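In the two complexes below, chain A is the common chain; its partner is chain B in one and chain C in the other.
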Partner chain A sequence: MSRVAYRIPSITASISFLLIAASAGVAQTIHGLPREGRGGDTKVNTRVGRPAAGKQEYTRYCAGCHGDHGDGVGENAQWIEPRPRDFTQAVFKCRSTLSGSLPTDQDLINTVRRGIVNSNMPQWRPLPDQMQADLVAYIKTFSPRWATEKAGTPVEIPPETPVTTESILAGRAMFQKFECWKCHGTAGRGDGPSASSLTDSKDQPIHPYDFTTGTRFKCGTTNADLYRIFMTGLDGTPMASFADNIKGDQGWDLVHYLRTLQPIRTPESILWKSWLATHASELKPIGPESGGR
Partner chain B sequence: MHMKIAASVAMCALATMALVPSTHHSAGGTVAGKVTYTGTAPKMKQIDMAKEPSCAKQHATPVMNESVVAGEGNTLGDVVVYISAGGAPSAVPSTPVTFEQKGCQYLPHVLPMQAGQQLEIKNDDQTSHNIHPMSQVNPEWNKSQPPGAPPIQTTYAKPEFIPVKCNVHPWMHGYFAVLNTSHSTVSGSNGTYSLSGLPPGKYTVTAWQERFGTQSQEVTIAGSETAKLDFSLKATEY
Partner chain C sequence: MSLTKFVHGMKWLPAFALAAGASLTAASSAAATDTRAADSTTATRAPAAGSQSVEDIYRAYRASIEDGTGAASASYATKRVKMIPAFARKYGLRCSACHTAWPELNSFGQQFRDNGYQIRNEKDSPIAQNNAYIPITVRVTPQFHVERATRQLVDATPGDAKSGQVERTLTSHGFDLSGMDLWTAGTLWKNVSFVALLSSDNFASFHFEAVSLRFDNMGDNPWLNLKVGKFELDNMISEKRFLFLSANGGSYQSYHFSAPGSSVDFGIGDNQLGAELSGHSLNSFTRYSAAILSSNDGDPGSNNFSSYDANVNFSQAFDAGKMGIERIGVYAYVGQRPTAFQTSDGQDIPGTGTTRKAFYRAGVAGDFFLHKLEFLPYYLHGNDNAYLASSTPSNSPLLDGARDASWNSGFLETHYYINQQLVLTQRVEAIRMSQQAFPDMPSTLGNVDAYSFGTRWYPFMFSRAGLAVHGEYALVKTVSPGQLPSEGATANIWTSSLLFALDFDF
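And now, the complex of A and B:
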């Protein structure tokens, strides 16, 4: 596999997506008999996803990127960074479950509906719910793990605590203590001292999330999504799980602080700005020399 | 005490059943020898830990990359030597193996264990590490372990040589050697190794080095003797 990665500016990306969609349509007519599914039916709420039904839709909509065999090397994959997911490994970034465990069917449906920001993975919200469930059932046939393992247990997320200055300050101390800044940078710009050396599990370069330009995350948009992200980690990437060391309400403190780094108006950023106006000098800078406040 | 007796009784029962007391290494024969290499071993680079002062100051002498531990007379250290075939299946040892992060290095650099054996991962440093074993056969996970955090307790179900890294400190590299056997060891810095407690039988012994690959040889153990078995791996540049 070539290690050359092409950065596609967003306009070319959408054009290339159109091409991809078109060529995927062509691909559909070429490929042979249905593959025997390893996974069984997929239940999401009351809906049952059937792998056999998902196969056709997969070939039509997904194979151009994810490959006929789900190995992430569809004909368009070489032009895309980050690369399309290799389903044969059953390693997923967006899970509600602990690091190393399989995501739930609902997690996969959520990803398919949401798409993945800052990547070529489109939103598939327009597809009928039944088709989404069938697609998820089908992508689970690519790895034998689905036949032998159950999805992990979802990380527990307690009700959100109030947004207060104390909570934001406690979260800031966690950003220091857990050394998020080593990758994400002292101001959350994705430029920490370890950032430049990072690769994903397929040896492709990967960049820490830049909080100062990002409004959405790959794995969601809400405060609860953000809580879940650092608890579960993004498997297959350097972004580790912190679930062993961040517990309960503490997680909300970190969420509240991370929200102040983003370029959006949130209750957190409004409160933080007004507090900083009179207290900025009390803060020690984040980084190697510091210990939080 | 009582537990111990019960355990050895159970052990003997098992032994007579399977004819092989597996985790019980004191009796039986031994395979021992030296691991060397042919060709030119790649020069190991010095590691620069300047980005992590709390680790840098723990090392009085330069720290070298540990991918190839070559010694005088072409000896090779940190080679996993294990029984890859022969004998009865060995019972999973009840004692855990420990993998330590100290001075931003892995101790040991390569850690053999049997599939299913308890693995304990500790952080002795004043910095956060993330432990990222890049498994392909076993599920891949990645966990942060800040200073003072309790050990991570885990197991691997399937045999696999798993590269381990810390994404925060890119020079940190190690291996979990998850094997089908409890009969394993790692060669010392002078290349010598010894596998004891082998019941009579015919065995395949394999040596594995992360860069130079594997070599397997057959050996037969009749009683309590020590069979000499040397390995020679071919050095590959990189």
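And now, the complex of A and C:
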């Protein structure tokens, strides 16, 4: 091989290219600042949410589904069922507050961390706490409600009653009485006679929860979470609040019954299975022809 | 014979190719990797039967450098693929949801991977997906690159092998393609995930880069996951997901270093064959893995040694508030290689390796954020048993003075995320031999210094595909045996890469 005066592009040229690429990226991606202060203060524990920081993270994690303007029409929304939440309406399923009121910041954080089962909303548990607070702060800038209203007061949940056969049977009777079966089905499979025609507040089809396949509820996993859903309802969905109908321990009865429908071993399901082994014939079927036991 | 005389007496050896040989002949980073992968079976350098001389060891070292399989300075880019739009399409999440800058994972992407490519929303099983959904991803990188290497031996008169040899700086450049990665991964059922990654060189010659099946969240417990197949070691700083692509910068030198003269073929950055038990907390802040692996550096069908290695990793992350997530981890890999075989008619019988000797790699790694600035420090200590280090069968006596080879290496990589679509990168890396296999070997032989910097710009960011405009410059200095009488026992070889690429993924 001969000695050839090889030359390479100068380092200056390569640095220039990198700087040009960097400049193009900066110019393409710098956005205006979010609407600071519009959403009111956001504070979760010791974390104070920062809308400006939240906007960047919202673009990274959320905008693909919820849209750059929080209106639930991100580029993926058309492919997603159930459709992503429209933050401009400030209507949220998972709250600790009564139906129609705004959720607390902690409620929104909990949803971010927990995700929504049976939807495309993941569990954003690995995000730093500060980032979650920032995200919530930014989400609250999408609706003017946050500037004019305060979050509702969390409903009080009484201490749980003991799990007994009587409690489960009472809950089963409530399942019949309040016609839960019409949507959730007589066996809790989400296949009640009304199930196929249900829509949410934006007229999008929505499916009732299937207790027989899920191990998590839409808004939590504990008995208290399930109790809270009865009290608050899932705003924006046909699942109404039963706060005016279910009082005190009755809620726990319904919780205990619904736990027996799940595909996992729970104290309720163990007790219920044992009772059914000898008393199944005493039960009236749930449905339109029955008044429950 | 003194080392200097010995080195200078090796002029009959083919031209010293070192990193330049690899980088100049590697038309692209991926091609270089594929070549390495394809050759790695044959590159496994079991010690020759019978005793060797120091000259033999040096000869083997030189040969390994030439074929680009044995020296840390060999400038091959690692196989890199791990940005998977198929997942983004499945879940409707933008690339940025799982990646700081693809292909590097962020904390959510780490959790998603740890969950077996599931978000655990009861819609992970393929039965929950549209029938038309097929989880396939293709990645390929058209590019323009320049490769340069100093001190290359060439004939003084071109075409005249008798004209003597002189050193030259060689440069090549041109438009090129990387190889292609054809990747499919996802779930077979809830909590049963799979990976099948076929990688090609730029001539479309494919091999299995990774194939594995994983049972996730066994007993609904995230601490119990079992993976079997060929897979990347659970390195906290993944070489498969990093942000460098060039021939010289596209691999961590520390992950592929072999001590001068050693017969150990292992690279901690190479995918390995075996089974891995792993687990993590719900947010993946705490992670562990323990793997048992065939001693063949991940080459299917080459269980010539019938022995096993082990790898363990542990890392813990912390929420540092506005700064981000900070993670620190420790790791150790303990391997063994036979130094002799049963023979038939003097030929080694595969699978009968005996008199195994050990080597290990261990160290710490970190991943620290200062808001938009990310630091990735890494430290490794390596050690090869004297028999392996000197390529001596253990049924033969060690050469005088032969001893373990050991070294320390590390790097500091930095990313600055201007925003989710633009990142600036740099990396500085060093390898230092702390003990050579023979006392009379130059103490600095094999040392490596490397530096890379670059930028990646993602013109768009959504959930269907990815494109990165990539620019990178990488420079590597390797302390190598001297070539000419005018040199001392060692000579510094400089190799560099300049790369402009369009890195796309669909």
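Things to note:
The definition used in the following text is that the second predicted complex is superposed on the first by the 257 of 293 C-alpha atoms of A that agree within 3 Å, B and C clash if a C-alpha of one lies under 4 Å from a C-alpha of the other, contacts with A are read in each partner's own complex, and residues count from 1 in each chain.
The rule is simple: contacts are C-beta pairs under 8 Å (C-beta built on N, C-alpha and C of every residue); 3 or more make two chains touch, one makes a residue touch a chain.
The structure displayed is predicted, hence computed values, not measured ones.
Judged by the touch definition given at the top, the superposed model places A:Thr237 against chain B, while chain C stays out of reach.
Within the superposed three-chain model, A:Cys65 lies in touch with chain C and out of touch with chain B [touch as defined at top].
With both structures placed on the common chain, the touch criterion links A:Val91 to chain B but leaves chain C unconnected. Of the two partner chains, neither chain B nor chain C is touched by A:Ala224.
Residue contacts after overlaying the shared chain place A:Val48 against neither chain B nor chain C. Counted by residues of chain A touched, the larger count belongs to C, out of chain B and chain C. Once the two complexes are laid over each other on the shared chain, residue contacts for A:Ser119 go to chain C alone; chain B is not touched. Once the two complexes are laid over each other on the shared chain, residue contacts for A:Ala187 go to neither chain B nor chain C. Those residues of chain C lying in contact with chain A across their complex are 91-94, 96-97, 107-108, 110-112, 119-123, 146, 148, 154-155, 157-158, 166, 168-171, 173, 220, 282-285, 319-322, 324-325, 418-422, 424, 453-455, 457-459, 462-463, 469, 471, 473, 496, 498, 500. Residues of chain A touching chain B in their complex: 89, 91, 98-102, 145, 149, 177-179, 182-183, 193-194, 197-198, 201, 233, 235-245, 288. Per the touch definition, chain A reaches chain C in the complex via residues 1-4, 6-9, 11, 14-15, 17-18, 21-22, 24-26, 28-30, 47, 53, 56, 59-61, 63-65, 75-76, 79-80, 115-131, 213-216.
In the complex of the two chains, the chain B residues touching chain A come out as 51, 53, 127-128, 130-132, 134, 136, 139-146, 149-150, 152, 167-170.
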